[in-house]
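You will see two complexes here that share chain A, one where it goes with chain B and one where it goes with chain C.
Let's turn to the complex of A and B:
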């Protein structure tokens, strides 16, 4: 089980792609939110979070993703997810995240 | 008779200590050949149950007891804290529309545990709280 949380980020056209590895807990969620904030003043409105390498999440970590959804909403943007573990996808469904965010297969699916 | 395995652990209030319980859960699941999708959902239940209990465990007895009983058919998770307890019926059901734009984005634990389990019970008093979660595995 990966204990340390790591992330990488890159711009793919106009989409900020954040790839995570490890437990998305309080600290992991905060790291994602801070990474997103680095790009905020560049006018980013589309963010894709690839969580293929994060098999464990908790609701405190997800609360930081709700903050990102909120900030993107205010700018007419959207948060996307890819490579969701089925249990994490079910968690997001229960929380209603897909009312505001979207699941995609890859960054190419984001218009 | 179905094989029945148990794990009982006492977890101190230490950052990410729930990962210790998850490690045990995954080893038990592998031993019994439980499908990965069921273990994935059990992971969410265990994580939410433990972080919720640790958050409410108080400072006098800052640990929680976690018991797993697993067969090929079901997992029963028992999580006990020794905090001041709470009244579950007074906990407001979270809603994503209310959370977006609201100050408090947290408070999802009970909803996730109720929704993802097959049975969920809370017993709470001023001496602590015990939650019993049942998850079908087949």
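Let's turn to the complex of A and C:
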């Protein structure tokens, strides 16, 4: 398996910020979901995924993101995206991600 | 203790609200593990025990997976339930534990164990019935979860198909805006991989069995593609160059799967889009080059038109005519008859190798220099050396000019001639014989070693004629590439002797046209015809 994915995470106030780099596919999506689950039990309800360095995403990766959206939704939380490539943004829109998730310019925009 | 119906109904009636609430809680779960977590809370509230284990296995051949368990021993009790006791509510002899395996709606199995109660009391028959009802509630909620999942999966698949279609269209548009070498291959491979859920892939551009270009996704793939990978392959050949595409390892949530027909269609569509983009890029470049060439030719034609004379001077005692018929591709023919400030006339004809702008510019240089030198009345041989030097410095190695000049003293008919590599002009003598002007010298611009140009002096007597021409006449070709030839030209010159110079020019042009029979003119036709009356 070729790995082309890295991520970093940090808490900025009450927001979990996950920065991704590389292909958001099965492996990439799983890494994001695991990172999210690490913080889920700490009561985190706001998550920002910065995908500036991820230019390619497939539907398996998207299915992981949808699950994160659902879990946050259950807890009254929300998933945010920033630095979306136009092509990925369009795909997310068609896949219905923005029905519950939101685009923001930066973590400061999250209230 | 025997239980009558009234007793059971009375006892269970206390739980009705609890059953309803439990179902609502369970049916909100988005996964089996979350449902198990919620189920533990429900069971704990109803049976006053924290010692609860919940296990799941997909089918008869699968292993049990622990969803909830306080310790590792709990699962053993589930594993040890015999087949005949399966699907029943079992208890230990002390009646302090209840355990069962139930078959869920999707034929998977759920194992549940209720441990000791807080107050250490025994489980009653009513507890067993209540437990059975809760398990049924779980199964119903699980069915709702599966239906919800199926519904979500259908919506996801539908959205994904729409997204694939949009991506395919966008990819076609984006590819058509790129040039080969301008990230076209990077875009193609990344989109093909994304659309087909592939893990990785590669595009190779192969020319004469040598890989000229390789683009992979991920970019750091290296040589990590081998025969064992499940792959999709496509290729096309354009202008002798092979473009080879490969996608590998279609992903799913449970591992690598086979590519399906939709993947093949999407991949094939992207490859065709790349082919079309490469072709369009080439056509576009060719169109631009053609456009640039057309503009250049238009400018060159304008230069040539400006340099060539509108009309020739009248020379008393002579009749003079000249012509220049440019071919489709502008070449560098030049002619002129200049009246000099000493009463003489210079008859000039030149032909530059090559076509288009470079040829026109060289003619322009020659024209400007020539006028200046002739007015200074320096000897022709000396002028030729200077012109040669100018042309040599102004042109590239493959450009040179064949040049003929005859300076006419009208009163005597004397011609002072220099010929730098041009076709020998012809004189038709009074006796009907033809004399070729053989004065020699290399064409201007070939060497710049100060070599002298040998001049020649001739006299044109009354009734005699001079014909100066470029090779566009003898080398005019018909459809079989047969030339008009020098012989036919000389014969025509000898046979056709009209009173007016312009009639000769139009006659010989007609004769050339008769020979070429409508074939496109491959070179300029330029000539001067002089009759001494």
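What we mean here is this: the second predicted complex is superposed on the first by the 108 of 111 C-alpha atoms of A that agree within 3 Å, B and C clash if a C-alpha of one lies under 4 Å from a C-alpha of the other, contacts with A are read in each partner's own complex, and residues count from 1 in each chain.
To be clear about the criterion, a contact is a pair of C-beta atoms (placed from the backbone, for glycine too) under 8 Å apart; a residue touches a chain by one contact, two chains touch by 3 or more.
Quick caveat, the model's predicted, so the values are computed rather than measured.
When the two structures are aligned on the shared chain, A:33 is found in touch with neither chain B nor chain C. When the two complexes are overlaid on their common chain A, residue A:25 makes contact with chain B and with chain C alike.
Of the two partner chains placed by the overlay, neither chain B nor chain C lies in contact with A:44. Looking at the shared chain after the overlay, A:90 reaches both chain B and chain C.
In the superposition on chain A, contact of A:60 is made with both chain B and chain C. In the superposed model, A:99 lies in contact with chain B only, and not with chain C. Once chain A of one complex is fitted onto chain A of the other, the partner contacts of A:70 extend to both chain B and chain C. Shared interface residues of chain A, touching chain B in one complex and chain C in the other, are 1, 23, 25, 55-60, 62-63, 66-67, 70, 87, 90-91, 94-96.
Contact residues of chain A toward chain C in the complex are 1-2, 4, 22-23, 25-26, 55-60, 62-63, 66-67, 70-71, 74, 87, 90-91, 94-96. Contact residues of chain B toward chain A in the complex are 16, 18-19, 22-23, 26, 37, 40-41, 43-44, 47-48, 51, 94-97, 99-101, 105-106, 108-109, 111-112, 115-116. Considering their complex, residues 28, 30, 155-156, 159-160, 162-163, 166-167, 170, 190, 193-195, 197-200, 217-218, 220-221, 224, 249, 251-253 of chain C touch chain A.
On chain A, the positions that touch chain B within their shared complex are 1, 3, 23, 25, 55-60, 62-64, 66-67, 69-70, 73, 85-88, 90-91, 94-97, 99-100.
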